[in-house]
Every structure is written in C-alpha cells, then in structure tokens.
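The following pair of complexes shares a single chain, chain A, combined with chain B in the former and chain C in the latter.
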Partner chain A sequence: MSRPATTTRITSSRPGARIGDTKIDRAYSRVNYLVLAVFSLMVIYPLTFVLSASLSEPEALTRGDVWLWPVGVNLEAYAAIFDSPQLVRGFLNSVGYTVSGALLGTVLTMLAGYVLAREELPFRRMLTLFCLVPALLSAGIIPTYLVVYNLGLINTPLAVILPGAMSVFNVLITRTFYQMNVPLEIHEAARVDGANEFAFFLRIAVPLSKPIIAVNLLFYGVTQWNSWFNAYLYLNDQDLFPLQLVLREVLTQSQIDPSQLAGADLGELVAQRELFDKLKYAMIVVAMIPPLIAYPFVQKHFVKGALIGAVK
Partner chain B sequence: MAKPSYAHDVAMCGSNGVTNEGDGQMADRLTTLSRRTMLAATASAGMVATTSMLAGCSSDPGTPEEPKGIENVPVKELGPEASDSPFYPDDYVGPRARDYEPFSDGATELTIVVPQNSNIVGDWNTNGFSKWMEARTGVKIRYQSVLTQGADGAADLTKINAMIGAGELPDAFLGVPFSPAQISLYGEQGLFLPLDDLIVTYAPELRQVFEDDPDLKGNLKSLDGKTYQFKSISDCYHCRVSPGRAWVHQDHLEDVGASLPTTTEDLRDLLRLFKEKDPSGTGAMVPMAAGVDNRVDTYIMNSFIQTPAPDQNWMVVEDGQVTFVANTPQWREGLRYLRSLFDDGLIDSGLFTATAEEVLRMGNQGRIGVGRAYYQGELADITDSATDTWARYVALPPVEGPEGVRLSCWSDNLITGIPLLITNKCTNPELLVQWADYQLELTAQCNSQAGEKGTDWDWADEGQVGLTGEQAVWWNKKYPPDVGKGWGQLHIYNFSRSYRDGIVSDPDQPHFERRLQEATEPYEELRPDRETQLPTLIFDEVAATDQATSEQTIVPYVEQAIAEFALGRRNINDDAVWDEYVSTLDKMGIERFIELYQTAYDTTPR
Partner chain C sequence: MTPTIQSPAIHGPAIRRPATGGRTGSAFWRTVRRHWQLYVLFLPPFAYSLIFLYGPLWGLQVAFRNYSPALGMVGSPWVGLDHIVRFVTSYQFWTLMGNTLALNGYELLALFPLPIVLALLLNTVRTARFRKGVQLITYAPHFISTVVVVGMIVMMFSPTTGIVNQFLGVVGVAPVEFFGPDMFRHTYVWSGAWQTLGYSAIIYLAALAGVNPELHEAARVDGANILRRIWHIDLPSILPVMVTLLVLNTGSILSTGFEKVLLMQNPLNLSVSEVLDTYSFRVGFSGAVPQYSYGTAIGLFKSVISLALLLVANALARRVSKQGIF
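This part shows the complex of A and B:
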C-alpha cells in the first residue's frame, strides 16, 4: 500500500525532473491555449465566413444557409469583379497610392524620427511639441480642404498621398527606436572614422533600422490601403478613385431607399440587390488580399520594431 | 444695399446649418459649417449676385409678394404637342410629349454638381441623357459628381460643405440631398438664388405642374416665402401608407383555415393559429415580424389611436394644434394589447430588435406569418417569378381596436424628389431654370428614366392598358437600361398619378406597382383626415438644432418604452410605472418638442 506512494514521491522529487511542470503550470498552459484558441477563432471565423460567402450563391446567403462552408460553389462574383473596369482600376489605383504613400511616409518618418532622436539638435523638445500639436488638435475638414484647394491639389493623386503623409505617432516610435539603438557612442566612433552626418545616417543609422523601416512601411501601407476619406474629399475624377472609395459607392447604392421605390424601379431593385449580394463578399476578399500577402514578409521585423519603439 | 450691411444681415440670419432630419451624424458634420465659414464662403465666392443679397433675411412669411416675372422678357409658354405623341387616357393629368427648340447657343459652359452614381448614370459627362439634353436645350454643362451618401444610405454632405466652405461653388447643385432647413437657410443667406420670378417667365412646364398639383407651389417655398428650389414630385400612391403597412402570407393564412382578421382579437387568434399549427413546417414559425427598420407601432397602434409614420415622431394635428400621441391613455391601451400578445407567447423581443437582414432571412425561410414591411421585398427576395414567397404576401388591412378605432398610417403629404439649386455664382440662372423645365416634358422624363426611345422604352400602342385598366402611355422594352444611358431618378421629374398609372401592365401578369396599389387600396379607405396629418415642416435654424437634439433623446426613449412595456420588462398595468414613463417624457422636454413642431406648423408656407 505504502510502496507505490513512496515511489511516486521519489519520482516527483528526483533532481532530473523538468522544472516548471507543476500542476498549476499545466493548468496555466491549458487556460492559455484555450484563450488563444478562442481569440484565433474570433479572427479566423469572420475571414472564413467572408471567403465562403464570396463563393456561395446569393440565394443561399439570403436564406441564411451559409454559416461556415460555401453553398453552391461558384466563381461568378470574382468574374463580375474582374469584368468591372471600375473595380479593377480602383484596385490598381489603390496599389499605386499604397506603394507611394508607404514609401513617402517611411522616408519622411525616418528623417524626422532620426533628427528628433539626436540629443545635440537645438530646440529638440520644442520641435517635438510642435509636431505633437497638430496631431492632437486637428484643424477640421474645411480648413484642410482650403489648404489642399489653394495648393491646387484638388483632383490630383497627390491630394490622396500628401495630406497626412507623415504620422506623428510613427515619428515618435521611430525617434524612440533611434534613441535606444543608435547611441551617441556609435556616432562618435563614426565621426572619428571620418563619417559626416549624411554618411552616418545613410551608412550606419539606416542599415541598423530595418525593423523600424518594416514597421513604418506596414503602418503606412495598411493605412493608405484602407483609407477613402482623402480621396472622397479631394478627388472628383472617378478614374482616380482608390478601391475603398469604389467599394463604398457600391455599398451606398445597394442601400435601397424605400421612398424612391416606384413601380418602374423593380428591375433596378432586383438588379442592384443581386449585384450587391454577389459582389459584397468577393470585394471584401479582394480588398483583404494585399495586406494578407504583405504581412508575413514584414511580420518578423514588425514585432521587434513595434516593441522596441514602444519602450521609452 | 452696401456690403457691410449685407454682412450684418448674414450674421443676423445665419449661424450654422443644421438639418431637421434628426440625423445626428449629419447635424454634427454640418455644425462645422459655422457662420464664419459661411461668410468666408459667400465672400470668397465673389459678390456676383448682389440682387439676391438684397433679399435680406426676413423670416416673416407675412405677405409674400406675388412674383411678377422678369421684366421685358416675354413669358415662355408650353410647347406644341409633339408629332410623336403617345395615346393619353381620357383623364390624363401630367407631363405630355411636347416639341421644344434649343434656347441657348452653348457659348457659356455651366458647372453642375451632381451625385455620383455608377449603377445607372455612369460618367455624367458622356451619359446618353446628358447628350440628349444638350442637343435639346443647347445648354453646355460640365458635370462634377460627388458622393453624397454615406455607407448607410443617409445623406452625407461632408464634401459639399467643404466645397461651399472653400468657395468652390458650381453654378448649381442637382440632386444633392440638402434638407429643407438647409435650403431655407442657405437661401436666406444668399447662397442660393430665389427662382420665383424666373419660374414665372421661363418655366411653363413647372407652372403647369403647379396647376395640376396645387400643393407643390407652397411646398417649394422656404421660410421666407421665396422659392430657392426647382423640385421633382412623385405622386406615389402606394408610398402613402408604406411605413405602416402589414402583410400576411396568403398560403399560411389558408393553411390554418383563417380569413383576413378585422379586429385586434381576430388578429390575436390568427397569430395563435400560426403559432400552434406552424404552417411553415419549420418548427420555428414567427407569427408576427417587424424590427428596427419597420416599427410595429405604425401598424398596431392605429387600432387604438391615430399613429403616423416614424418620421413624424408620433405627432398629429387636432384642430390646428400639434399633439403627441405616445403618452395618451389610448396609447397605453395599445401597449396593453401588445403585452397581452407577449403573455400569450405570440410575440417576442425580435419584434422590436430584428434587423432588416434578420427579417429577410426569416422570410426567405418561409417562417413569417404577419410582417410589418415597406414592401414585399423586405419579407422575401423579389424574383421574376410570381409564384415565389415574396408574391404570396398580401396586404393585411388595419384591424379594429376595442374602442372602434381603425385607421391606417396614411400620409397625403406631397412626395418630392431631388432639387435643383442655383447658386449665387451663376450669372445666367435663366438658362438653368429653362433647362430644368425641359426635363419635366414627357419624352425627356422617359429618356432619363428608361434610356433611349425605341430601344429601351416606347409609347404604348392604342388599346394597351395601364395599371388601372385604362389606355397606357408608355412601356419599358429593356429595364433597367444599360449603364450610361439615362439618369434614373436624378433628373427633375413629374411622376403624376396618371403618368405612373400609364405604364403598360398585362392584366394577367400585373406589373409590380399594381400589386403595391392593390395592397394600398384597403388602407386608403381607413385613412385619417388630411387636416389631422402633420404636413411637411421646415424648422428655422435655431429650432432645427433644438428639434434634432430633442429627437435624439425622445425618440429612442419612446421606442425603447414600447418594447419594454410590450415584453413585460415594465409593467403596463402598474399606474406608477406608467406615470413614471409620462413624467420622464415631460422631463425630456416633450412640451418644448411639441412647441417646436407647432411653430414650424404655423410658419411653414403651404
């Protein structure tokens, strides 16, 4: 009776046993996995649903038959998207705005963040404050519109890219990154070796800052990809619209205003609803793809960069 | 008038443009258009139209002068009947096909801001109807399209406000959803030109509509008694009761062996049969469906007290006095009835909380017995086949309450469409007035609606019948027309009753609108007197702000109370609970709210 008990005790207190495998730790892991699994499901389910819905037939959708897997699989919606010159053009425009917005934003942020990180910069605190003020207090739509209008940017692609090209939040992250990772000592060493300020920035600071470059590219890219407001406000020519604005218009027009419901409108109504049901989910999928493709490439830098930048 | 006093005038009459539509988002956005930006806007737009500014800002509707027309310009008259005319039914009242000549050489190009619309219009500048209008009138127009609706379908004037603020004004706005309060305010401030005299001289078609439908003239006027808008009207018969119409699934009705109920108790029995016999065979029958977008009170409460459409905020008119019905003893009786349905297990919280999508899903599964919906398409997907679920829904007429009340949620108010608003930047407003007037002619109207004559639509043959069984006027060969052919409903139109009835309808396979008409007829017999219905009101700018604010507290409170009383979360039979509801409304300023409506009722030109 007592033997097995003794054995157990000996086994568990043997010096070679793994540390940290106690009951409480195992319970902790289990809870941890459970919570993570719930979170993953919360993220994965909507994605799966949208993908399934985009492949299903519209009738199944309105009947509520689709909840996880596609019903009546077909690719009509995707065919319709690629048939629509507006959506294709919007997609290409969005790619253009995203690439240029990400590059421009990153360059500006690197420059500003690096300079603000250098302690010998005169009026450094004042300059930082100066950057913060407009970030916290926005002038509002009409004054901004006036600025863009008077600069002659209305209805040009620059109106989408330039306003808000640099985010102060990103500058602060970048500044902290440089403060932590490019200390004064390296600078002094480089000076001794004969590097001037530009050479130091380009040949030492920039190569050291791959993580923060990745973070900036991703932040600016995703923001630009998802944004529609600048385009809505400043663009008139539909050929310049980014995808998100085109999607917004499709969404708007799928809303049926019952007061406009006249007999003559039945055909229109049916056509609109069908188009919308067919396109809605497929468009979400299409709009989702580029960030999903880009993310894995920057992900390894992303975690590192955002974390370093966040610690003061 | 000298410039300084003009500025004074503007300051006197304008501070911020606020909608009266109770759209919180919109009100928020519009408050950014403050008096200062408004001043800057008008100032930077140049002091072109000084005449309009002389108008000052008297809000006194007192004795509006009859417009005399433009001096030394002969009054334009209706054109002769076109050689290519349709057959009209005998009692036809509405737009007719007429011949008109171009009146402009196109020397000046005018700019008009229009709503972006890629489903129907496509590119406004290359659109077929745009070209047709240019050939017809000679007026050269550059269209600038702007997205004017938010993703929820509500008006979104952010960009329009920015343009006005920046002084980037076009010659006119067509189809931009300004609220009546905004049109009134901007008109008084001189941003929009008054059109009264121009209409007298240049708009024979519109003057004809004034004669055909005497309500329109007053409806177009702003608070100062002037007309700033050239507007479309649609005499849509079935729309008059759509916000309060209920439907019943005919097959389900027959399956349970019931007939159309006539009293509230009949209705209860019917719902009980639906529940017990489950004609849907799904085990999840929904005896009665309604939801957030289609409130149930506009139907059911009319068996207890006159209850108007949701946008009237439970206001009706009694002997010229605006009154609020949702705190009356009769209202309480209605709530008691809902509560008893709940106690019988015939309704649940879904009746108040279901979204349009949820209702549609239930309907498509065939689970709905009685449904409160604007039209059948909200209860089941509309298809081309008349044997599908959507076509099985027939109107459920109002039922009689215990006190003998049996009314429909009917509105006789004019149903208007998009406006044309000419700005103070326009130097030849007469061109635009005439241009808009040409759109009211029948051929133009059909071309915009349906595309190209001959390929997309045509006149009806002699003997073909319309919705009411009389001679039809027109029919659609291909509908909707291809993108880029017409403007849909974004032109200035006159959908008179005769015009709407004039569409060819096969008696064996009636047109969809005919179904809606049939669903409206039993409601018309039960409509309340016109004098008791709240007319379309314009709130002045201060009242518009107050109205929007009060609306945001009062309306959700009443809506919530309906649900809570019905679902037993508040006890409708407890006098203390009821008194608390009434006194909370008092605290929320229901008196002031009613007063705002009373003032608007007294001052809105009619």
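This part shows the complex of A and C:
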C-alpha cells in the first residue's frame, strides 16, 4: 500500500482470458459476469423507469402499463416544470448555491491542504490536529444552529453555503495529494529563484493540482446541489429555497398538492389527478440530472483522488 | 500581518524580520518567521474552522446550562449533567437506543460485506470495458440526493400507485406498506444498498490495485484456482482497509443517516423510525418552546458514546490484527 494506485494498475492486473484456466476459473468467470450484469441492471432500472414515467402518457402510468420504456412519449411534464415559477426559482437558487459552495469549499480546502502538506513548517502537526478535532467530535445540529443564529445569518443565502463549506476529509485528501505530487525539492528550487510563497502557490502548486481541484469542485458542488437540510433549518423565505427543498415538500410530504406550485397553465394541467405522478417523476429527473452529467467527466480524476486518499 | 523589512535580505528574499525582532533569534523562531506567508495562506481555513467548526464545539456547553437566547451562552444558568441524566432516565431512552442500534446494526451487517464482495468480483473481471461500464453505472446513485432517493421510494413503492406493488398485484401478492413499521428498516437499508454499494467498493478496489500481479501468476503456476487466489491473495491484501472501515463504522453506530431517516419518517412508522438523531432534532426545534439545551444534551450524549466506541474498537483492532487507525 505504499505506492500510488492508479486505475491503470487495476486494468493491467488481469490480462485477457488465458489458456490454463481451470474448470473452476471458467465457471467463476461466467458467474462473475452474470452477477455484475444483474446488479448493474438492478441499479439502472429505477433510473430508467423514472425517466420513462416522466415521458409517458399519464393514463398509461396510472394503468400500470409503463414498465421499462415510455408509453406515448411527450414532454408536457417538463414544459409544466418550466412554467412553474417556484420550481424555476428553486433551480436557479440551487445553481447559485452550488457554484458558490463549490468555489468557496475548494479554495478553503486547497489552502489548508497545501499548507498542511509542507513538512518543514513549524507547528504543522498542531495545525493538522486543529483540523482533525472537529471531525472526531461532532457538535451536532443545535450548537451549529446557534452559531449561525448568533452571526445573524438566519434566512440569508450565507446560512445555506457557510455551515459545512469545508470538509476535513477533503482537506486530508488534498494534503496527501500535495505531499505526493509537489515534492520539497521544487520548493527549494523556487526559493533559490526568489519566488515567494504566494507566487509559488498560485503559479506552481495550483497548476500542478488540476486533478485535486476537479475532485474538490465536484465533491463540494454535488454536496451543495443535493443538500436540503441547511436550507430547511435556516431559511423561511420561500424565494431562497433550493430545488431540493422545494422537491422535498412535493415528493415526500404527500399531503402537499403539486397544483400549489402551479403557474397559470400548470394549474389546469394538474387539475387531472393522474398528471401528479408524471409531474413528480419529471421533477426527480430534473433534480438528479446535473450531478449525473457532471460526474463521468471528472470520474477519472475522482477515482484517482479517492485512491490517493485511501491508499495513504 | 505585514512585517516591515528592517535589513535588506542577505540570505535571499525568504528571510524577513519584523521590526520588533531584535534578537529573538533561536533557529526555531527564525524558521517560523521565514514561513509567515504560509501562515497567511492558512488564515482563511483557520478562521473558517474557528467560527464554524470550533464555534459549535464551544456551544456544546448549552448542554450543561438552561440556555435561553435572551441570557446568552455564558449568561444562562449552569445545571451540570441534569439534562443528560433526565434523558438517560426518561421513558423514551431505551426505545430510542433500541431503534438506533437496530437500524444501524442491520445496516452494518448488510452493507459492510457487500462492497467487499463487489470489489473482489470487479477486480477479477478481465474485460476492461465491462468493468468500467459496471463502475460507471453502480457509482451513479451515490450522486443522487437523499430527497430524490426518498422521493423515488415513495413513488415507486407506494401501496396504491407504485410500480412495485402493481407488480406484486400481478403476481397475486397483497400490497405491501413499505413505509409501515414492519417494513421501514428493510426499505431504509436496501434502498441504501442500492445507493451506496458501488461507490463503497472504490476504496477496496484501490487496495486491490496494489496487489502485485506476480503473486497471482505464481499461484496460478502452482495450480491454485481463482477462488483460492482470491481467498489467499486478494482478501488478505484488503484486510487492513476492512479493519479500518469496521472501526470507523463502529464509531458511528449511533449516528444514523439522519437526513434520510427524517425524510422517511411519518406518524405511522415513528415507533421504529425515531432514532437518537431525529429525536434530538425534534426536541430541539419543534414544540412550543425550543429546548435547545435538552436537544444538545442528547446529541452530546451520542457523540461521547460514539467516540468511546471508536476508541475501544480501535484498541481491539490493534490487539487482534496489530493495526488500528491511530
């Protein structure tokens, strides 16, 4: 476990099928493929179903005719979503929270990770401990609420972004990344060349750390996009609600009528009870699409980053 | 933090002296001063942690006071362990502990071994494209929000219109209340399996990637079949990771997936779904007068027990397998 693991190692560890496989090897291989294929289908089926349901005729959905593929494709549920001011505002709010949360979290994490990686720095152990303690002993919701309350942040966007903006786990991963990728000798060389620490960090360390920046941005972005609890706890003003909180009320509090979300047209549309489900499925799709689109692009970095942290 | 430069830097620009410096000059403090720019870089995360991570820790003292916002943190009367004693002796205590341990114990038993199996299986797939495809698909649910996952369960497992019960109807089974008290734990745990299994396997795959392929080659030459190679080569190589995760899981046996439980709760399943986290939250915030102190005391009780469990598990792991996490 001492050397950096990369995805290429995983690939190279088992070259293709070989002569000399025993009977058991071949049987195992077939079972293995079967099990993994079945598991993958089980994972992907609900996602496919949700997408199909959001596109199908509402009557077909109610009758239970939709199993895998959409029956009678149309986009009216999505049109309805874009007609609902509350959903559109929620979506835009979420975009804002996500971008600012990702940027703030990444900057804080990079700074902390970079400094803690400098082994020659006096008090480094103490500073590391300083970051670790809160991760070991969590204070819980109420004391955090009191801090936000006393700072006067209740019912402001900052209450959504600031608590939980920096994750100790990410700081540790980033620190490990710098330890492994920006060796001490570069610092010595830069110091001889007369670069100060700020210049070194911005011009040399940051450009060297694109993978870990990508991982941090994705991690904080997805976390913020998916979060609802901070908003639920700290916000009263519906105009500030992120999409997930709007969805929570529609999806999991079944007593709330989706027609309450209605713009003028939507009201008519959801007057038919059967449209409710279709509309809810469409909302689910809208809420889960952004992270699902983002993650494969960064997956390469992501797996590497996770590996680096894990192996250390 | 802008020390004036008294003398022109002799040994290169990295050595700067504050005007007040005089000769405080042990080598150690010179090193500290030479790195002042690094401390400046650390300032933003430091300030953030101080306010948003240490602030709440400082606020934990409300668990020992009768906190009222009017009197403030330090002005509220000190009551010592009263709140914690009140909670431990309250009639809900054992129900809550039972629910918490049942839900987490079930989750741990079901979801600890499965990612290991998945990683071992994935690691022996020879077709790179197939393996990447499986990984791409099985990681995906990890990136879906709790609200959406719970929303999907509500919709798809609804007793009246959900596709699962429609299917059961076709096969001739009576509709199942998946959110009812009988099924709540199963629904919670197995939807968690759907969401987290693939992603939890990553860490084991990382460890497996470090296995020297020559070990497998040598074992093949000696006639060991794949099952024996997994048992004697792969499994031992991920043992340290398994121990680490088991220790960490033991430390969080009292912390449920708070947000998910909260989203899945309804008045009908409260008898099994009320756990320490949700109860602490409910006590703290709902009710005519928010009981910040009592709610915090419950949370603190949980944190302290968890930390103790973590330390015990770590000590046991050290003794048994000669490795702990710290």
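Things to note:
Convention: the second predicted complex is superposed on the first by the 239 of 312 C-alpha atoms of A that agree within 3 Å, B and C clash if a C-alpha of one lies under 4 Å from a C-alpha of the other, contacts with A are read in each partner's own complex, and residues count from 1 in each chain.
In the analysis below, a residue touches a chain if its C-beta (ideal position, glycine included) is under 8 Å from a C-beta of that chain, and two chains touch if they have at least 3 such contacts.
What you are looking at is a predicted structure, and each value in this text was computed from that prediction instead of being measured.
When the shared chain is aligned, no partner comes close enough to touch A:F297: not chain B, not chain C. In the superposition on chain A, contact is made by A:G140 with both chain B and chain C. When both complexes are overlaid on chain A, the residue A:A165 reaches chain C alone and has no touch with chain B.
When the two complexes are overlaid, the chain among chain B and chain C that reaches more residues of chain A is C. When the two complexes are overlaid on their common chain A, residue A:Q238 makes contact with chain B while staying clear of chain C. Once the two complexes are overlaid on the shared chain, A:W69 sits clear of chain B and of chain C alike. In the superposition on chain A, A:F82 contacts neither chain B nor chain C.
By the document's definition of touching, both partners, chain B and chain C, reach A:R248.
Residues 62, 64, 140-142, 145-146, 149, 233, 245, 248, 251-252 of chain A lie at the contact with chain B in one complex and at the contact with chain C in the other.
Contact residues on chain A toward chain B in their complex (touch as defined above): 59, 62-64, 86, 140-142, 145-146, 149, 154, 232-233, 236, 238, 245, 248-253, 255-273, 275. Taken together, the chain B residues at the contact with chain A in this complex read 32-33, 37, 116-120, 123, 144-147, 149-153, 158-159, 161-163, 165-166, 168, 234, 236, 239, 242, 360-361, 364-365, 374-375, 377, 381-384, 415, 417, 449-450, 467, 476, 479-480, 488-489, 495, 500, 503, 511-514, 516. Within the complex formed with chain C, the chain A residues making contact are 1, 3, 5-7, 9-17, 20, 22, 24-25, 28-29, 32-33, 35-37, 39-40, 42-44, 46-47, 49-50, 62, 64, 66-67, 107-109, 111-112, 114-116, 118, 120-123, 127, 130-131, 133-134, 136-147, 149, 151, 162-166, 171, 191-192, 194, 196-198, 201, 222, 225-229, 233, 244-245, 247-248, 251-252, 254, 277, 280-281, 283-284, 287-288, 291-292, 294-296, 299, 303, 306-307, 310-311. Those residues of chain C whose C-beta lies close enough to touch chain A in the complex are 12-14, 28, 31-32, 35, 37-42, 44-46, 48-49, 51-60, 62, 69, 73, 118, 121-128, 130-131, 133-134, 136-141, 143-148, 150-152, 154-156, 161, 163, 166, 194, 197-198, 202-203, 205-211, 213, 216, 220, 223, 225-227, 240-241, 259, 262-264, 280-281, 284-285, 292, 295-296, 299-300, 302-303, 307, 310.
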